[in-house]
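This structure is in structure tokens; I'll ask about it shortly.
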Amino acid sequence: MIRLEKRPQPSRGWVIGGPILAVALTMVAGGVMFALLGSDPVEAMRIIFWDPLFSERFASYSRPQLLVKAGPLILIAVGLSLGFRAGIWNIGAEGQYIVGALFGAAFGLAFYPSESALIFPGMVLAGLLGGVLWAMIPALLKVYARTNEILVSLLLVYVAEAMLASAATGWLRNPEGSGFPGSRNLSRHPGTDNPELIAGTGMHWGVLAAFVAVIAAYVLMQRHVLGYQIRLSGEAPRAARFGGVNPARLVLLCMGISGALAGAAGLFEVSGPAGQITIDFNAGYGFTAIIVAFLGRLNPLGILLAGLLLALTFIGGELAQLMLGLPAPSIQAFQGMLLFFLLAIDVLANYRVKWGREAAA
Amino acid sequence: MIIDPVTLIVALITVATPVLLAAIGELVVEKSGVLNLGVEGMMIMGAVCGFIAAHESGSPTLAFVAGMAGGAALSVIFAVLTQLLMANQVASGLALTLFGLGLAALLGVGYPGQPIPDVAKPLPEAIREIEVIGPILFSHDLVTYLAIALVVAVWLVLTRTRAGLILRAVGESHDAAHALGYKVVRIRFLAILFGGACAGLGGAFLSVIRVENWVEGMTAGAGWIALALVVFASWKPWRVLLGAWLFGGIAALQLRLQAAEVGVPVALLDASPYLVTIVVLVVISSDRRRASMNAPAALGRIFHASS
Amino acid sequence: MTALLEIEGLTKAYPGVVANDDVSFAIQPGEVHALLGENGAGKSTLVKMIYGLVKPDRGAMRLNGAAYAPAEPRAARGAGVAMVFQHFSLFEALSVAENVALGMETPPKPRDLARQIREVSETYGLPLDPDRMVGDLSAGERQRVEIIRCLLQDPKLLIMDEPTSVLTPQEVEILFHTLRKLSAEGTAILYISHKLEEIRALCDAATILRLGKKVGECTPREVTAAHMAELMVGKSLSAPARDASKPGEVLLHVAGLSVTPASPFGTPLREVALEVRAGEVLGIGGVAGNGQDELLAALSGETLVAPGAITLKGAPVGALGPNARRALGLLCAPEERLGHAAAPDMSLTENAVLTARIRKGLDRSGFVDWGKAKGFAEEIIARFDVRTPGPGVAARALSGGNLQKYVIGREILQAPTVLVVNQPTWGVDASAAAAIRQALLDLAQGGAAVIVISQDLDELLEISDRFCALNEGRLSAPRPARGLTMEQIGLMLGGAHDMHEVVA
């Protein structure tokens, strides 16, 4: 029989080794899944994890995509990780992402066709503001009405999607778009565009913001009193109160920061890679970012790596769809599996596994 | 256009059924002290498994069994993670939803628009066509009646039987229950399976009866609304029924208002079931005493028998 | 006469500690048998093995001459062994009858059960309403639920783990009365305690454990308490020393403090008033659940009250949060070490920052100075003899006594004006307890005001200058601690709850 015995303190080795093992196990389980779908598992893994970066045929297109996809994932996940660390569960980043994009795009389009250099910074601020406002709904309700923030933030995603649909077909629709849904293209208009900063890298302002967020969050969590209070609240809420942490303030702060970053990610996406507001503009980054945050162990540096890995599975997944005819949702299932394995392996960081029966009397 | 109240009531009961099933299952899970946020994932698995079984076998019964099996199978992953490996319940539940949505979409490739058999109504036509009460009371599907019966059964079991008492005790304090010799992990495992099967059945009802089609992401947040209903109901079965019908009423009404093209923006109507759910949650939660009285004290806490 | 329960060579080891090492003894039918030992001596592990919660590594038990190895509590109950837990195995949101039913193998119908509960409670003088919610009961009443649950199953052996720690002296008398009656009817009782006078008053035989080993047995009535104490502790401890001193100015003043509890089963504070002077130790006694946690939260600033309800050196602090009060010199150490006074998974260094950040200047412009924090943690460890490999160790890796020394030391080394501690020596071994009490006295000697909230009346009488009692959220007027009798204290604590009509 297998028994679990609580470790006096978490094993450092497993905290770092766990995610690596989880990735390995996911590759095995994913391989089985791909085999069941009728593809060669080894080839599928090569196409997903190797070809986007190193094959001569695809790398030139795929490599920049890595940063394009990882940017929003990392930016959102860093924000989420702060709240998750404190036991504040903002599950609705997808909604904040949408609202951020809508606010930013609306700001930019309001001045159309101006090409002033002030417009893009204004759009960024509007995007941040949109994300914060949307995140403040669950935050304020949690603080003042003790409403569960998980449910409210999640339900608001559907509300945001309804707003997105009405924007794309109504109030933000391109007046010169001959009636098709979708806004004017922001990325092709100087002043509202979020350009590739270094050609051929995929680096845009949002990716830069993600890197800055990683560094800032790292310093915050390691050195700053607020980071200490966030960790304290997550590990021992009662001790946190005793230690003078104001829980309401922490909820507003964590939700606000994660909302702001998700909103910014939405703005950078709509003004850059996506280019315009469309009905299905949101691509699930807000949900995938939850996986990224956990896979990165809620640690900013871990999130950086996890974001790149998940971005790779997106790009590789598209490639596998193209080359092997693997159905698109298989990559989503694959990402879900990754999170399962990670959660399962977590047990090893906190518990010691003992084989053999407890000696009976 | 005037909205006919009878057809509205009939529609709301149908719309409410999947959410009701998922919520009553989740209520049992939460009463045992476990918070499973994977309801949405288990529902969509039920929807796809039910639809596939209906199409492949032509048997509605098999479809519902498959739906329950699909939901329960997914819930096993959650049970193993949270009960045996002591993983965080919030994270595991979210993972379940994300994985379930992906896996269901994967399984359902090629199925949208495929024909499935009609499901016969259980009561004879003569009764169904009685004025007013016929459609409202007797025109529903077997699963709808089953769902209501399940509410009654869960209420009876929880309040009147020893099994229910033990379940509530485990949800109240797993340490005390363990000290008395109850198998906390086993009881919670079974509760999670029950919740999975209920959510799966709800999903199968959605695809096989209500929509009669498979569409990716078709649960559209119903699982999350089911979770909200449990809070709204203060963990009481009867109030889950009330909440489900309230939600069904809003959802059915907004569809009719959209069709009637009244002056309300479509986006607002689309969002109304979610907005109303939020408003109701706020009203319920702000009453501190009532909100905390019935909540299982051990909800979401990890149990590890140290001795 | 064959023994009811024979225990031979029971051994149980946990990683890093041998909880029980080759323990043997026997309990006769109808005997009240004491199991005596300090915190951490292995008493709890031993009874858990008898009750089927823990499996021994080695050794054997015989019940009525037959081999007895319960795989689970259910089996133990089936064999006639019942247990009243120290930390009750009760469910707050369920009724008394439901709680009783959960502890029985085949409970009767609810109506019959309610009748049986009433019958048994009358027979043994333990009044209890089967329909009441357990969360609304006092600690003494909760214990009655546990006892009645056991009695309804006609046990041959009743195990009681530290039963008097939650009772007033009057309630203890009633409990003893019940236990003697049970014993006269032939039920054996295994009575676990570290309170020597109780054991001398009640028990027929005693087995003494120290560090997991059996170190002696005796007939308690025939030996002195000092003899048993020596066996139990292994060395004689000196009582804390203090010089008489005149109390100085009033440092903390509380008046009209009323608080509604946040949780459904909390205790409201009603019009609490007190004052402590420089150099004085004020003892607040009371049975668990009478508002101790709420009082500490109101004093620490975790619960905010009207500004004037609490004044520190004349300045109103009632509306200030914990850190603002700390800055002014009002420090607290709550009862629950893990999760309240300290974060279990954080290191000792990180836990130093928890309360000492402001007074010790452990941060600079918003950033934590980890080097300085580590230095302070090391200072606490050295000054208070905390046994740990170093400040990087997680709080939960420390033993109860060591963590408590760390927590108390952390507050004392911040030189508080007023220090409030709740249950400073609960679950702490005797030498650590003595060290903590001495440190509190030294602090008062140095001119601080100290409030000690405790359920250990001996402790309070030993270190307090004045004593008052907390009963259902009300604080009695203080009386000089010297010369108070247990009888007087018992009445201050509210006597026996709801027992007036029954006491013969």
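Every chain is named by a letter (A, B and C) in the order it is written, and numbering of its residues begins at 1.
Methods note: contacts are C-beta pairs under 8 Å (C-beta built on N, C-alpha and C of every residue); 3 or more make two chains touch, one makes a residue touch a chain.
For clarity, every value in this text was computed on a predicted model and none was experimentally measured.
**Student:** Looking at A-C and B-C, which one has the bigger number of contacting C-beta pairs?
**Tutor:** Result: the pair with more contacts is A-C.
**Student:** Of all chains present, which has the mean Cα position farthest from that of subunit B?
**Tutor:** Here the answer is chain C, farthest from subunit B.
**Student:** Whole-Å distance, subunit A centre to subunit B centre, using C-alpha means?
**Tutor:** So the centroids are 28 Å from each other.
**Student:** What is the distance in Å between the mean C-alpha positions of subunit A and subunit C?
**Tutor:** One centre to the other, that is 47 Å.
**Student:** Hey, how far is the Cα centre of subunit B from the one of subunit C, in Å?
**Tutor:** 45
**Student:** Two-or-more-chain contact residues of subunit B, please, as numbers and ranges.
**Tutor:** In subunit B, the residues touching two or more other chains are 288.
**Student:** Write out the stretch or stretches of subunit A touching subunit B in their complex.
**Tutor:** Against subunit B, subunit A makes touches at 4, 6, 37, 89, 91, 141, 144-148, 150-152, 154-159, 162-163, 165-166, 170, 287-288, 290-291, 294, 327-337, 339-340, 343-344, 346-347, 350-351.
**Student:** Could you pull out which subunit C residues touch subunit A in their complex?
**Tutor:** 15, 49, 55-61, 69, 300-302, 321-323, 326, 332, 334, 336, 338-346, 350, 353-355, 357, 363, 366-368, 370, 393-394, 396-397
**Student:** Where on subunit B is subunit C touching in the complex?
**Tutor:** Those in contact with subunit C are residues 162, 165-166, 168-169, 172-173, 175-177, 179-182, 288-289, 292-294, 297, 307.
**Student:** Help me check something: in the complex, which residues belonging to subunit C touch subunit B?
**Tutor:** Listed in rising order, the residues of subunit C that touch subunit B are 45, 48, 52-54, 72-74, 77, 85, 88-94, 98, 101-103, 107, 262-264.
**Student:** Which of the residues in subunit A end up touching subunit C in this complex?
**Tutor:** Contact set of subunit A toward subunit C: 5, 8-10, 223-226, 228, 231-232, 235-236, 238-244, 246, 358-361.
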